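One chain, subunit A, appears in both complexes that follow, with subunit B as partner in the first and subunit C in the second.
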Partner chain A sequence: MKAVILKEIKHILRDPLSLTVILAMPVVYLFLFLYSITFDIRGVSLGVADYQMSSASRKFIETLTAQGYFDLKGYYPDERSLLRDVSSGKVKLGLVIPRDFDENLSRGRLSYAGWFEGVEGNSTNIARGYLFSASAGYVLRQAVSSGQHVPANIKPRYLYNPQLRSSWFLAPGFSAIILTLIATVLTALSLVREREEGKIEVLRTMPVNPYGFVVAKTIPYVVIGLLDFFITIGLVALLYRVPVKGGIASLTGFTLLFLVPSLGLGLVISSLAKSQREAWLLALATTLLPSIILSGFVFPVESMPFWLRALAEAMPARHYLVILRGVMIKGTSARELWPQALVLALYGIALVAIAGRRMRGWLRGE
Partner chain B sequence: MASGRVRASIAKEFSLLFRDKRLLAPIIIVPVVQVVILSYGATLEMKRAGAGVCDMDMTSETRRLISAMEATGYFKVKLVSSPENLTEMLDRREITIGIVIPHGFTSGRNRDLQVMVDGSNTSLGQTALFYFMGVMLKGFTQTAPIDDRVRILYNPCLKSSWFMVPGVVALVLLVFTMLLTAIAVVKEKEQGTLEQVIVTPIRPWEFVLSKTLPFIIVGAVQVSVVLAVAVLWFRIPFRGSLLVLACFAILMLMSTLSLGLFISVITRTQKQAMMTAYFIAPVLVMLSGFIIPLENMPKPSQAIAMLNPITYFLIALRAMFLKGWGFRELWPQALALFAYGAVLLSVSTWLVRRRVL
Partner chain C sequence: MFPLVAENLTKRFGRFTAVDGVSFRVSEGEIYALLGPNGAGKSTTIRLLTGVLKPNSGRAIVAGVDVAQEPYKARERMGYMSQLFSLYGDLSVEENLRFFSGVYGSDRAATEEAIKRMGLGPYLKTLVKDLPLGFKQRLALAAATTHNPKVLFLDEPTAGVDPEARGEFWDLVYSLKEKGTSVLITTHYMEEAHLADRIGMISAGRLVAEGKPSELMRAYRGAGFWKMRAEPINKALSFLNGMGVPAYASGSWVFLEGKDPQAILSALSEKGINVAEFSERTPSLEDVFVGLTR
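And then the complex of A and B:
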């Protein structure tokens, strides 16, 4: 077992290019992704065709731009020219203030029409929310100033992330995605390479325990995975000031639990593939998109259809992300996360066992 | 005869590609799986989000509000007896939003609704709050005070899949053609068969052509598969012209195939080539507007994204799918892609001559 570990370490060190790539990956990815990808949508470009041109309509537009959510690009003389710029994407929201705006307002009704350029759902959805809450605020203020009965005074409070920083939301997600990508590809090429190079025949002549062999091959990669984890979390905490409320010790423990099934998935892929090329494609197919879409990174898993929710629950990244968000942002104690930990542990054992079984088959020459 | 030489080496690459029959499955299945997962999974629609309500007023009015929340389908309401329960449920991720209705709410003595939102998921939390405000405004006034007639163009149901599935065309083209090209060359290096190629009078461009042409066909098959599944099965509209799409795909292939050749020049083994491709692919994907649009990125990132050929392809793809644009509107993107493709292809052919052959 020690010999296998040492051999694998030697193999890793002999290829400095691959090692550099593996260690540089989290650094480059985090810088680029966390810096570039943000859901703090500010300054949604706004074009207005105002057919009323009254002080009330101007005040309504001011309400929209006051908090910086909308950025007024300009007034348009008519709907046609406004629609043209919405279609081409020059402005995201084209707002039309109707001729009877003031008249409606005097009856306690705020009226407007227009278009969103809706190609991208997420930012449109958020921009629509801004428009709605600004309008609601405007209506309430109108009601209060004219001495009307206020329907309700909603006092929202955001827990865990009071300033609603999207980096606090995205950083755990990126960490989970990066670690999934790295861990799976690390082992995906390991067994299949030995087979392609004909080393299994050599092993057959030796008294090798297949399960021990597979475990030993994994251990050096667990160390690399942990190293990548520390780089990732270090950057996230220092550069982006994302807190690790629950403590680094419990997070490290959970990460170990997560690395085993991720590396195990790579091993299983490696044992199923006939060539390195096939293993690589399988690894990419099972990690890149599923870890982005099904982990709950951006898209709420609760809204997915039942069968896809089941598939999402089968992703180690999904459970790891719950753990990361819990420990980092909410400060959830390790004790409350035992269901996730249990799932990860069971996956880890199952996947390594499957890879070991395949290995045993090869050693017997099947 | 140059053409005979080209034909022979292309025939060789084809037989190499299709000898590995197991590779045909991923070439078709992976794009289909990606479209399926994206179509069903990439949705920001909020459904059945947990909402905890602590009703201390207990009047018919507040009960009407709670059933109005349920009726929207956005919320799954759980009633609790004390505000502390709400915080606990937020901790355990059982609810996204917690609402405390104070005593005397209906009579108007206390109109303050305390709303706690899970901020650890910023987008879901905000959506839940906005939807709740919508329920409140509708439920407590006889006529809706806001007459909002803002229509959403191109993607009325705000499906993220309509935004992302066109991107899958770019994703599969990038991943498969870049990697398969790189491997086709590196494998010869690794197995030492490259020497045999070098002693033949093959020219660099002939070598490049024979190494890339099979993957152009792989790319064409994949684009067709993605398009067929997206349009026929998931009913994602394709409002543009297929001919324009084909032209753009070829322009895009010039860049991805060149990237594959680049990788093959700087690496020695298949493993290194795959690692490098694995490293590059997510960067190119993330910094192209695949997940979020360019306008939402900070300026320096937008500048970097402008150096990425995939950015232009994605803009063109989405405009073709959802807006039905053609060359008249998309010529700047076509020009940019062509420029990148031409430069990358000449540089990589030159590198192949210097470093490989």
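And then the complex of A and C:
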């Protein structure tokens, strides 16, 4: 057992390039992901064709740009020239303020026409959200200042992510993805390599318990997986001020629980793949894509159609992500997360059992 | 007590019988060579003896331990080396030895001794992938013997190695034999088979002949092996082969095989081929082997 672990560590250290990639990849990807996938859009370019030209209309535009969500590119003499720039993409949002803007406003109605370029659905949606909430705010303020009766003023407060920062909910997901990928790919590769070069033939004639051998081989990768996990979580906590409210100990415990099915999957893959290339492809197909698309990392599982949702609920990464977000952002106690923990544990047991069955064959040569 | 015993070993894969009732015994310090063409069942026999495969019937006993019953106990007493060498190319000579001796639980002194015996001292820090083939082979042998096994299995260990390195390798095998290790070796090379104490010939899964090399050759004396000088030699050879008589040139001699020498001689003289010094010869191992497996 000790000899096998030491040998595996030497294999890893002997290949400094791979080692660097394993340790640096999470850091590099973390920055790429978090800077590129942010939903907090700022500075949407705005063009205005104002047919009213009143102080009220100017004030309305100022409200839009004041919070930095919209960036005023300029005023246009008429709707036609404005639309030309919206079509060409020079401005993403074109606002047309009609001649009767003031008149409508005095009756408590805000009137304008908004033209979005609308190529990127996601960012358009977000910009539309900003526009609507800014409009509503403006109307309310107008009503209050003119002494009108205001029926209700809804001000949402966000319990756990007060500023609704997307990095807070993306970062834990990112750690989950890196962890799955590293644990699954590395275990699969190291065992396939052992078999590809005919080493298994000799190991079979040696006094090694095949299961002990496999366990010993995976231990260094558990350590690497945890190391990567702490690097990413550490960076996320430091740079993005994502809290770890539930405590490091409970986070580590759940992470170990999540590593079991990931390693088990790696073992199953290594028993299926005939070459290192096949192992790579299988590992990527079964970990990276599902954990990005179906874990709720970016796309909310709640808005998926039923069948896809069922599939998503079947992904271990999905449950781990619920745990991570719970522990980090909400400070959910370990006791409350037992359903997710149970799912992970069941996955772990099932995958390790399948791997054990499949491996018995090739470890014993039958 | 024999350190290695095969008792009526039989292994079937579906309807195909790969090993069919093979029995033999190897004494302490004896080198036993299994000879046979590819697919005859040599490798399967070794896999049954090392416990990698379970026999359908029969037993394999290594150093008094039934291999199928207690594989781990038996494996502590055996060493195995194959033509693939099974070393880790990205690790150094020393690191490879550490791994193998660690798994076998060998002590440090035995490992040091293996390094010395195999002459690996100067290469300890070298990565295995940079090692010449002859040294890889020595390292593989060292890796299989740090635990002083009672029985050593060598599965085509010299395949692809030049004759000089092969000679050196056999010197090492002899040094293990002198220590009392029993060796089971499979090989393609006839001249290697001569170096073994005893030979077992395997054909279609059966052990068809067994004995010392000299005994085997003597036993087939008088079974129709001849030599002669012939003029012109090329014409003689092509004529004989055309008749279905096994014949080949060896130096200035023609070696041939046949039950009826008179008929062959008269046929040759009809063709105008001059024959001189026609006489019986002692068959080579190759002759015995080819004769048995034909």
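In this section, the second predicted complex is superposed on the first by the 340 of 366 C-alpha atoms of A that agree within 3 Å, B and C clash if a C-alpha of one lies under 4 Å from a C-alpha of the other, contacts with A are read in each partner's own complex, and residues count from 1 in each chain.
As a working rule, a contact is a pair of C-beta atoms (placed from the backbone, for glycine too) under 8 Å apart; a residue touches a chain by one contact, two chains touch by 3 or more.
Owing to the predicted nature of the structure, the values given are computational and were not obtained by experimental measurement.
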Please work out whether A:D15 is in contact with subunit B alone, subunit C alone, both, or neither, and reply first, second, both or neither.
-> both
For A:R335, is the partner it touches subunit B (first), subunit C (second), both, or none of the two (neither)?
-> neither
Could you look at A:L159 and tell me whether it touches subunit B, subunit C, both or neither (first, second, both, neither)?
-> first
Now for A:G198: first (subunit B), second (subunit C), both, or neither, which partner does it touch?
-> second
For A:R80, select first, second, both or neither according to whether it touches subunit B, subunit C, the two together, or no partner.
-> neither
In the overlay, answer first, second, both or neither for which of subunit B and subunit C A:A3 touches.
-> second
Between subunit B (first) and subunit C (second), which, if any, makes contact with A:E302: first, second, both or neither?
-> first
Is subunit A touched at more residues by subunit B or by subunit C?
-> B
First (subunit B), second (subunit C), both or neither touched by A:V208 | second
Contact residues of subunit A, present in both the subunit B and the subunit C interface = 15
In their complex, what parts of subunit A are in touch with subunit B?
-> 15, 17-18, 21-22, 24-25, 28-29, 32-33, 35-39, 41, 45, 86-88, 92-93, 95, 104, 108-126, 128-129, 131-133, 135-136, 139, 143, 149-162, 164-166, 168-169, 181, 185, 189, 193, 274-278, 280-282, 284-285, 288-290, 292-294, 298-300, 302-305, 308, 312, 322, 325-326, 329-330, 332, 336
What residues of subunit C sit close enough to touch subunit A in their complex?
-> 47, 50-54, 72-73, 75-76, 78, 80-82, 84, 86, 88-91, 95, 98-105, 153
Which bits of subunit A are touching subunit C when the two form their complex?
-> 2-4, 6-7, 10-11, 14-15, 197-199, 201-202, 204-209, 364-366
Sites on subunit B touched by subunit A in the complex = 20, 22-23, 26, 30, 33-34, 37-38, 40-50, 87, 90-93, 105, 108, 111-127, 129-130, 132-134, 136-137, 140-141, 143, 145-156, 158-160, 162-163, 171, 175-176, 179-180, 183, 267, 269-272, 274-279, 281-283, 285-287, 291-293, 295-298, 300-301, 304-305, 318, 322-323, 329
